[in-house]
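Quick one: the structure is below, and I'll ask about it shortly.
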Amino acid sequence: MYSFKNDYSEGAHPRILNALVESNLEQEEGYGEDRYSLKAIEFIKERMGRNDVDIHLVSGGTQTNLLAISAFLRPHEAAIAASTGHILIHETGAIEATGHKVLSIEAEDGKLTPEHVKTVLDAHTDEHMVKPKLVYISNSTEIGSIYNKTELQQLRNFCHENNLILYMDGARLGSALCSAENDLQLRDLPELVDAFYIGGTKNGALIGEALVICRDSLKEDFRFHMKQKGAMLAKGRILGVQFLELFRDNLFFELASHANKMAEKLRDELGKENIQFLTHSPSNQIFPILPNALITKLQDKYAFHIWEKVDSEHSAIRLVTSWATKEEAVKAFIADFK
Amino acid sequence: MYSFKNDYSEGAHPRILNALVESNLEQEEGYGEDRYSLKAIEFIKERMGRNDVDIHLVSGGTQTNLLAISAFLRPHEAAIAASTGHILIHETGAIEATGHKVLSIEAEDGKLTPEHVKTVLDAHTDEHMVKPKLVYISNSTEIGSIYNKTELQQLRNFCHENNLILYMDGARLGSALCSAENDLQLRDLPELVDAFYIGGTKNGALIGEALVICRDSLKEDFRFHMKQKGAMLAKGRILGVQFLELFRDNLFFELASHANKMAEKLRDELGKENIQFLTHSPSNQIFPILPNALITKLQDKYAFHIWEKVDSEHSAIRLVTSWATKEEAVKAFIADFK
Amino acid sequence: MYSFKNDYSEGAHPRILNALVESNLEQEEGYGEDRYSLKAIEFIKERMGRNDVDIHLVSGGTQTNLLAISAFLRPHEAAIAASTGHILIHETGAIEATGHKVLSIEAEDGKLTPEHVKTVLDAHTDEHMVKPKLVYISNSTEIGSIYNKTELQQLRNFCHENNLILYMDGARLGSALCSAENDLQLRDLPELVDAFYIGGTKNGALIGEALVICRDSLKEDFRFHMKQKGAMLAKGRILGVQFLELFRDNLFFELASHANKMAEKLRDELGKENIQFLTHSPSNQIFPILPNALITKLQDKYAFHIWEKVDSEHSAIRLVTSWATKEEAVKAFIADFK
Amino acid sequence: MYSFKNDYSEGAHPRILNALVESNLEQEEGYGEDRYSLKAIEFIKERMGRNDVDIHLVSGGTQTNLLAISAFLRPHEAAIAASTGHILIHETGAIEATGHKVLSIEAEDGKLTPEHVKTVLDAHTDEHMVKPKLVYISNSTEIGSIYNKTELQQLRNFCHENNLILYMDGARLGSALCSAENDLQLRDLPELVDAFYIGGTKNGALIGEALVICRDSLKEDFRFHMKQKGAMLAKGRILGVQFLELFRDNLFFELASHANKMAEKLRDELGKENIQFLTHSPSNQIFPILPNALITKLQDKYAFHIWEKVDSEHSAIRLVTSWATKEEAVKAFIADFK
């Protein structure tokens, strides 16, 4: 059984594990003040050509989202998310548990536009309703689509005109930035969003996301929030060592590129067989629509999620590739598919 | 510079790292449903001779405390902690952030007795005050003392008579259980407390605590709470692999014993020089009272916390040993001390 | 300018004010333990023929909703509401501020059915999503419709089969129970819902809602929650005196009947003129669809909410009547309309 | 049985009730936007000679405290209170329920000084602890003492130097300002504190406190918080009508003066009999220390709280007077005492 269920089925890229092994017995400061974390943060800043952002290393995506959103908002303020947004459904009410409503709006391709946000703003007119304040987007999105630079600029402009915070969930940012259709660079992001995170867990790390806070007014006292929410690891070094390895050279991007290449291969080969896809997803998640009988057969040898029923005979499945996806597995899947 | 500042200065015990390396490329289920986590939990249960407890692997101590306490209590219920209790001061209001007051009471040696708890109960008489409901204890405590079996039984009896939940923070449970003065066994704990955790981070793991829920009524839906609080790791396997290694044989206890032995050596040698200690601490944290001038000198070569001023000429320092503490370092410290 | 904007434009029914005046200088216990509150609760229980419910007097509707829902749910549990539900949009995230998500589902007439609830349950399958636990309904609803006995029984059965709490917001319960189309009695409710409130503010009181908790497991320690949320008035007597007057005889029902009669008159007369209504609302809120030009003219002499745009030439307005609505005002409105 | 238990045993001053009766049938806007509330706020501002403060009318003291503190603080920030502070013990963890720790410090006379606050600040040094941010004081205090102008100025200066918010609970502000020992005026307060409330419930109103926000940065969006916490009454007029009557002329101060005069009479007469007092309390609460046998006898005819045991033979009781306390009752108490 080979799994295309997600991009966190394996451990870490061997280079990352190796870095953990090599640094293992050095004595370091706790709670993220070790030399590895400081160095990793420096490297990421350099990569963005920016020294005026704050970077915090956090263990996981839900943790990062709840941490950032609860730190950024006042009690009566709410987040806006697309109806496919991860925080809306798949984080067990983590945002609400910190006291904030998540307002949702349908967005067919999983991406928010100024028009979407405006619709939500227009519906919230006075103090009898929450005050929409933060726009949550994911890149790549939960259904595999990605934002291009123009789209992001338009959203950013709208947010700033309306005094909104623009926050990007980058659990799969690597895959987005390495997509064949992408025109964004990591160094563009501090100009385009107020805060975002660079996902490590789904791109080769054991655990770890790097939250980048770009807007000055959101930076103050952030480490207090981390500690209060249980997000500050005693051995913070393990996040530092991993991100240092990912950003010491191009490893982060190489791993994402591999994942994308594997997805592309699946997409191309299935496409050749006239398979339709539920969404346009130029990243490491694809959603082919297959006959139910075929799905059942494929399940004998492959693990994947059945995403949704399309008609009585067909369903869309989700295939996810990662830095660890083996080319032979992709080939075998295609062969079996045929 | 050698550090006795804490028990999380190094990475993981080599056997644990090795286990991570060896399991690294296997595909596993996410979110703690991998085979390693399941196996680790089975091993811990066996070690306690109990199959009727629920065990969850969590990344850190503050995370575990806030998770358990907020899951166990209703909104108007409060925790009781000794004035030295970690949740009271050193977790940035993590418990209060989930809505619950922490009531404190002075306890000279850091240990709560039925009398302490009764004092708090007696002061909370009606609905104009919170309802004390959970008794938080640490073993070993924040000042190095440990509970013996009789003390714990008395506390447990009092709690049950008064319908209170008894919760033990076991960040340093290994050290407590391996103390020369200890008469408790891991297998005694499910009888004595309603929930507790077995600390991995401070006893040889990279990250990880194993929360054991003993009382049936506290078990329901716990994984929802984990996810909601950002405590469920996508690659939960990394917790499983580590705890499996710690409990596959006696590694967990061997590591704690080493830490204790190193502390004992320091204690004995300092004792021989007529040094007094701030607390009676038969575990891996000791608090010798030293002349300030000597402290300054020692700081040239050793890192440690100055715990508190004792008089104008003396202060108590905290020396912490761990599984990784080198015997040479201890010897060198003693030599330098002399 | 006469207002049909809402049912809380005036103060209290004169008999209620008079009762406040007459009891004014008696010395009473504070915090709802006065003789008036106790007596009022007794009278309401008698009216329902039930002595096994708990009743608490609270100052307002949002306060009551947030109090009940946060007391009834554990942190990971969520409420389900119709898309028109008051807690969903019009309470500034009061429920989310206590940590709980509100899940919504479209319900054309503002009423939830077992099918609606099932749809939500089916979409929440594991610990990565909140656990739907409480079904929030309003009677009458926010758009004037009411539940009949059969509908409520079906919903109640479904809830109990699925271990859900059924909670009814009764801000306008008086109007619902006195509707010409109603077949429910107050005494039926403890059998049909787990908790509900009897709205006083919108039916003749200055302030005050009577929360009735029917299910035993939801009763414990409720007064702690009231105090904690700022909902326990020092002079709780003012709630007691008012509810005593409302339920000493039939005043509560007489006031609601008057409100309904006034709405009925408006509905009938507008109906005769072939005016369509946005919703079927046999209670004290009606939503006639009028030409925009006419609306503008009516606004010279009458205050009301424009509810929603229907087409380029028409909008639905909301007319609300109350115990205080004057028959002359209704006649004048109709005359002006014609 | 005559009660000296508290200052909320009776209803409202007759003039206030009368104002409610007279305004009763006028149609007014809801939610505090009625003409009475606006006028009342205008009158209070005039009384302070300040137009640059924001005033909100709220139903009760705990509600006001939790509302203000949760609106003013970010999640990791904490309040500081004297060990007798009402929010610390007697509000069922209302502040903690909004996520904030309350730090306490012993203050013998119930009043905080810069030294007290400094002690707390000095103990909170980094992100592993909460950040003390708001200083909560009560005037008069929970044990009857009052702040003089110099004390308040010193505290204010310290707070501003340390970037702290100074908040005053004025549940009994009337009594404080009308104390024979007082040198503060209402118009001084906006200079001296960042926010405070003027207590109505304990000074002649049925319900109602007027929260005054003086510091600009604390004002934004406050009505959202009120709605979210269930503190916005549909018939907000009832708060407006009452505060208008209290501040239309000198009624607020006359009522407080009467309460103080009654307390003074008790204090003087008991003092003549060589009775000692637990605290120095020049306001409407006094704490005479009486022989237990005498207490028992007095309890036959008078209701009051036994405050605390002083020695095996004596206890301190609390006697509270109010605007409604009858001079005959005071005389009778003294006669019975003798």
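Here the chain labels run A, B, C and D in written order, and each chain numbers its own residues starting at 1.
Going forward, a residue touches a chain if its C-beta (ideal position, glycine included) is under 8 Å from a C-beta of that chain, and two chains touch if they have at least 3 such contacts.
Here is each chain with its UniProt name: A, B, C, D = Aromatic amino acid beta-eliminating lyase/threonine aldolase.
Fair warning: this is a prediction, and the values are worked out from it, not measured in the lab.
Note on A-C: across the candidates A-D, A-B or B-D, the interface recurring with over half of the contact pairs conserved by residue number is B-D. Annotation: C-D is the more contact-rich of the chain pairs C-D and B-D, by number of C-beta pairs in contact.
Taking each chain's centre as the average of its CA atoms, chain B and chain C sit 50 Å apart. Between chain C and chain D the centroid-to-centroid distance comes to 33 Å (mean Cα coordinates, whole Å). The distance from the centre of chain B to the centre of chain D, each centre being the mean of the chain's C-alpha atoms, comes to 43 Å.
Residues of chain C found to touch two or more other chains are 75-76, 91-93, 97-99, 127-128, 130, 224, 227-228, 232. By the touch criterion given at the top, residues 31, 70-71, 74-76, 98-99, 127-128, 130-131, 221, 223-228, 232 of chain A touch chain D in their complex.
Listed in rising order, the residues of chain A touching chain C in the complex are 75-76, 78, 89-93, 96-102, 127-130. Chain A makes touch with chain B in their complex at residues 2-3, 5-6, 8-12, 14, 17, 20-21, 23-30, 59-67, 91-94, 97, 201-202, 206-207, 224, 227-235, 237-238, 324.
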